[in-house]
Amino acid sequence: MSGLTLLQKGILAVLVLALVLPYVGLQDYWLYTLTIGLYYAMLASSWSLLVGYVGRISFAQAAMSGLGAYVAVLTGQLLDLPVLPALAAGVAVAGLFGLFIGWLTLRLHGAYLGLTTIAFGEILRIAVTAEYDITQGSRGLTAPPLWQGAGPVAYYYVFLAAAVGSVLLMLALLRSRVGLFFQAIREDEDGTASLGVNVTLWKALAFAASTAFAGLAGGLYAHFVQLITPSMMSLQEMGYILAMAVIGGFSNVVHAALGGVILQGLLQVLRELGEWRLAIFGAVAILMLRFAPNGLFGSLDAFLRRRR
Amino acid sequence: MTLIAIAEQALNGLIISTFYALIALGIALIFGVLRIVNFAHGELYMLGGYACYMAVTLLGLPPVFGVVFAVILLMAAGMAIERTLIRPIHAGKVDRPDEYAIMITFALSVLLLNLANSVFGPWPQRPRPIFRGIVEFGELIIPGDRLAAASVGALLIAGLMLVLRFTWMGKAVRAVSQDRQAAETFGINITRTSMLAFGAGAALAGAAGALIGPVFNVVPPMGIVPAIKAYIVVVLGGLGSIPGAVVGALILGQVESFATILIPDTTRALAYKDAYGLAVLILVLLVRPQGLFGKRERRA
Amino acid sequence: MPTQLDISNLSKNFGGLRALGGIDLAVDTGELVGLIGPNGSGKTTLLNIIGGYYDASGGSITLDGHRIDGMAPSRLARLGIGRSFQVTKVFKRLTVLENMLVGALADWGLSRRAAEAKARAVLETLTLTRLADQPASSLSGGQAKLLEFGRIMMLDPRIVLLDEPFGGVHPELKRFMYDTIRTWNAAGATIILISHDMGSIFGLCRRVVTLSSGSIIADGDPEAVRNDPAVLEAYLGDHHAA
């Protein structure tokens, strides 16, 4: 393992630990917490795929997770689809919706793009709330379990596999030439186009890829918590995803994913602090953006590299 | 629809427009001078509501002082935010300024919302409004608290317009909005103007929160929806345009007021009420990003 | 030699402003054309239309007889039109090598290994090899210009559009850039060069086209253009370029 940095070795160790966790006497409560953390890991990393690599801001990630969740549950319910195809439908619809947003907003940048994505996300949330006959509105939609008798350990492993699989897929994409195109687009769109890269296509596809992963996360989440409400699509939820990605480090999908798990874990560890926890997370995110834009793990990585 | 009903809807729309304009003007002012969209604006508005609650409910001051207190407090908070979080952008201390500005204000909204949740709790508060009871104009009946809040709001908007038009500070703000570089060569202190603009924008949000809070409720998430309305308004009028924000607010207020009664299926129309403006926002940004009245703007 | 790039009656309006009015320009394969003119005469606008960054308001452009006006910049780049920018557009947070790879990898037929070998070879000729793994943000202004040259080389361009490549460049580096341009040209590439630097233009180009207020007022060999009274007239009132 000589080719790995210290941080990468650490991440591998954490992964191995994650695999054996259910067998070292961890309470179901903590497995539940970690499972939710893995949900956020998928959202934070897929968000950073778009924001950190392509430089396209989006505030619709929570809404896209909700879209995936509602589509997965409703196709299962209305079309009698089994869980796996229904999940796939959620991923596909979220991905296509992302493609649509990405294509519509090709010419928008920065705050304008941020505002447009807020609008798309909020319209979706409002529609889900309003279409009571189908979605049960804010009362919430009940979802079946992934399979009959699936317990906390099973869910934990499913989410672990989904999160690790998602991040590995993202890494594969980013290591390929497409990843290079993404980053070139982030740096300078006109310059990238002048070198023969189809900027339009990759900007739209990046959006689609990011939202498809969010759709997968949302679909799995629905079958785990088994009751979903439109509040999972709210801007407040988006704020937590942003804080997680920023604190972990939004310029790297692995760092962002770690941010998701760790913050969700800390939320439970620091329970006695009540609402103060989220205020603290907000404050830490601000400090990170200001003083350590690469986040906790990005900074740690840089520190470990420098020491060698 | 009777004439009275139409007049009632129009007046309701006008009252709502005043509220929207008050919040939107702050966003426009900040964008004009600093070229950033403040994604924490709704939370500054919320803090205004709590400032009013503290002054009126906890200290027992008359409601008008609630507004004064909110303005002073939020002015100070806004200037502090500009000093610590926003100034580094223009001082070249930030790698990717556009991204930073968006994300830091969004993170600030997370902080402020949850801070309010921690300090004040999630329960709604209802400070005493400036005026209670109803006002009758012939057959037209209007809740007095709304009318009073909107009247004070309209006065504040008029006051702001006068300040921008006639005072030296106002001229500096307008000059920087139009051309940052030219303003600097003419000896305008950009740093001070920026701090002032953010402070004034926050103060406007605070005033709005203090005025509207008692009408509806003061709760930590109270700023989310009004802020989104205000974004719609500023985009409609052209980001950074002060008169555009006022006109945008007038349009949105009327559209929302009448859309809800003109659409036949009322429950559904009401449920989608907040979505109409968002659709307008998307449409304007895609088709005419400079807004209905703004001139072409560089990327933000 | 056959006409490679044929610009015919090309015009461009910005709002009510006429930036280009009826440009006719035929460039043959292997020519090295200088494009000069006072500020605001439409040089960069013309380059931006050829490169696909602006749509023309009227007229046509053909490459080897095929219409190319209205095509996206990326498509034109793959057809072999490379360009540099007045303000360099290097990818600052990517390494120098990665900057080089982007254009090569846009061709899906080329493997990453082959692209990298090619990039290293080009970096060698540009004397940038030791900076290959450095982020492009660490480059000096002149080195960034060189990197832009290198990125164009990766495209094996048939036509190169250069917009003020010598601006703020050290004289020694400038000579190196001259050599690079001549080598490209000798290898068969057509070059259109915009520069305020008359010494460079007259030293390099065998044909100089002068634009003024959106029209071509002179087109010929350097000597003729230099002595053309209309050209002098166009520059009067503007600065007399060195």
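Per-chain residue numbering starts at 1, and chain names A, B and C are given in the order in which the chains are listed.
Convention: a residue touches a chain if its C-beta (ideal position, glycine included) is under 8 Å from a C-beta of that chain, and two chains touch if they have at least 3 such contacts.
Being a predicted model, the structure only gives us computed values, none of them experimental.
Comparing chain C-alpha centroids with the centroid of the full set of protein C-alpha atoms picks out A as the closest. Distances between chain centres, each the mean of the C-alpha atoms, put C farthest from chain A. Annotation: 43 Å between the Cα-based centres of chain A and chain C.
Centroids of chain B and chain C (each the mean of its C-alpha atoms) stand 48 Å apart. Look at where the CA atoms of chain A average out and do the same for chain B: the two points lie 31 Å apart. The set of chain B residues that touch two or more partner chains is empty.
The residues of chain A lying in touch with chain B in their complex are 51, 55, 57, 59, 104-105, 107-112, 114-116, 118-120, 122-123, 126-127, 129-130, 132, 235-236, 239-240, 242-243, 246, 274-279, 281-283, 285-286, 289-290, 293. On the side of chain C, the complex with chain A involves touching residues 51-53, 72-75, 77-78, 82-83, 85, 89-94, 98, 101-103, 105-107, 112, 151, 154-155. Chain B contributes residues 36-37, 39, 85, 88, 94-96, 98-104, 106-115, 117-118, 122, 221, 224, 228, 231-232, 235, 239, 268, 271-272, 274-275, 278-279, 281-282, 285-286, 289, 299-300 to its touches with chain A in the complex.
Every residue of chain A that touches chain C in the complex is listed here, in rising order: 177, 180-181, 183-184, 186-188, 190-200.
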